[in-house]
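Across the two complexes that follow, subunit A remains constant while its partner is subunit B and subsequently subunit C.
Here is the complex of A and B:
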């Protein structure tokens, strides 16, 4: 074991500029293995969604750091709508090379927002058997969004639903809305 | 923003997704050897499917010897991971060679902590090579002999030809 070799410190390397690309096939096959791996270790659909969401959260945590250093010049978002626009725009563009299709607010609940993506990348290569039609592997992306919101100070719960393609239902904690209203009142 | 090539996805998304998988495996398995094994196995599954995509897309034609095979592996790294490894260090018998990467896209943003020095972080790649080759009737062994995550200058995978596989005759036929 080469334990006497100097292991490189990640902080000594310059930050990636984010222009690298891999084939979509490579990603699809990797994701497929991750879904199968998770699927073998769960008993229920909601457990599977939780596992996938957990996998996505690790990605989200790191994307926040990466994007705020690289693209936002270390300035964090303090307003609710702006952080949602960050998710719809900057985050989505970095991950999926496009903005999310639509951002809506629930009419009956001011804590709930809907981020709509007609064709979620991760679902493009997944076919769900008819008897398990509630499985939505975009739970992975929901995890990414959830981690991004939690890490930027806007705690929320995000779930992926089959609606208009894929709809991510974002439900913020009450405290977030209260604080945002106070900010506006200023 | 890069030009929208529908056949490509963000390298960072790929790297972070893979990292999340490795982190999950480290959580699920008690020891690092099991993680290494699991990564290799998942790579094997991927390789078995990847080869079909490769044959369809690159239309590479038959390999007549191991050098052809090495060439195709090099092509595949470029096609799927966007890196250009070099092939070298051929054994005198011509049955072993190295795939050498100056940058490993899977390991972007990665630092190995003290307690995981036995982890072969990118071990999924060795499985991909093994699985892909098996589907074209070639049994190979693939393993890492150098890793930049561990302080080496390059990341290097050794590939060794074991044997040609005969098509298995289905039971009941002669």
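Here is the complex of A and C:
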């Protein structure tokens, strides 16, 4: 063990953005290892999705705090639509340097929203075997979105589907809708 | 310099669990009342309902004064991830408390970047304690 500590403690480093770019090959290698790691430890497709989702949640909880400090200047979100626009815009831009393609509301169920991404970066280097075509590694991104929504106070379930590219189906809890209507009426 | 007062700072997680607590007293006073710690915790947690109500009415993080109990004022700060910072104080010191909250928020974010830190778990880092002491002395007890 070295006796002189030369590295600054994590608490002394600045919060402002440093280099915001990461090499895509490094990312692809890391993500492929994560998928393989999860794949070796599960028995079914939904378990794989759950495991990837959990990994995504650990990213999401940290992104929430960072992004609100850096991009939104210490202002929280209290309205449902605004938090969804935050996910579509700010979150996607900081992760993928572009906004998500489309945000839709389901016509038959007001608790459900669809976030559509034609070519998700997470799936670019993943090849899906034909016999297990329901595997969608965008479950990792679904975990990130789910953690962001849960942390900001809008509990929801997010699943990744193969539809128009990749679609994230976001289903909010009833309490969220009720509270949002109350706030709007005030 | 602010009027010297006593302060109790707590970070409360999503399940109303205290993740971090610290008391600040003026430099010259000896901590003679040791048994007030549980009362402070009680007052802070009783104010949580009021914090939860008022956090939806504003998009500010600093919620100013939310409650009063005998001679203790309760100020609150809600982070983007709904982690609540509560400060009990017996003197009014809005600016000092706001600055203290902002600095502790940044320290908390830096601490939570550690991949081994489980969110909503107690914060047991000596470096974090040192930072809290430092900012407490700088902004609260002067």
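As a working rule, the second predicted complex is superposed on the first by the 174 of 186 C-alpha atoms of A that agree within 3 Å, B and C clash if a C-alpha of one lies under 4 Å from a C-alpha of the other, contacts with A are read in each partner's own complex, and residues count from 1 in each chain.
By definition in this document, a residue touches a chain if its C-beta (ideal position, glycine included) is under 8 Å from a C-beta of that chain, and two chains touch if they have at least 3 such contacts.
This one's a predicted model, so the numbers in the text were calculated from it and none came from an experiment.
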Query = Who does A:64 touch here: subunit B (first), subunit C (second), both, or neither?
reply = second
Task = Look at A:151 in the shared chain and tell me whether it touches subunit B only, subunit C only, both, or neither; answer first, second, both or neither.
result = second
Request  = Identify the partner contact of A:106: answer first if only subunit B is touched, second if only subunit C is, both if each is, neither if none is.
outcome  = neither
Key: Which of subunit B and subunit C A:183 touches, first, second, both or neither   = second
Ask   = In this superposed model, does subunit C or subunit B come into contact with more residues of subunit A?
value = B
Partner chain(s) touched by A:175 [first = subunit B, second = subunit C, both, neither] = neither
Task = Based on the superposed arrangement, let me know which partner A:9 touches: subunit B (first), subunit C (second), both, or neither?
result = both
Message = Contact-wise, after the overlay, does A:81 reach subunit B, subunit C, both or neither (first, second, both, neither)?
response = neither
Message = Which partner chains sit in contact with A:128 here, subunit B, subunit C, both or neither? Use first/second/both/neither.
response = neither
Task = Using the superposition described at the top, list the residues of subunit A that contact subunit B and also contact subunit C.
result = 9-10, 58, 62, 66
Ask   = Within the complex, which stretch of subunit B touches subunit A?
value = 1-2, 4-14, 16-21, 23-24, 28, 42, 45-46, 49-50, 53, 79-82, 105, 108-112, 117-118, 124, 148-152
Message = With touch defined as at the start, can you tell me which subunit A residues reach subunit B in the complex?
response = 1-3, 5-10, 16, 18-27, 29-34, 36-37, 41, 54-56, 58-59, 62-63, 66, 93-98, 121
Ask   = What residues of subunit A sit close enough to touch subunit C in their complex?
value = 9-11, 13, 15, 58, 61-62, 64-69, 72, 74-78, 151-153, 179, 183, 186
Inquiry  = Residue numbers of subunit C touching subunit A in their complex, please.
reply    = 55-61, 78-82, 102, 105-115, 119, 127-128, 131
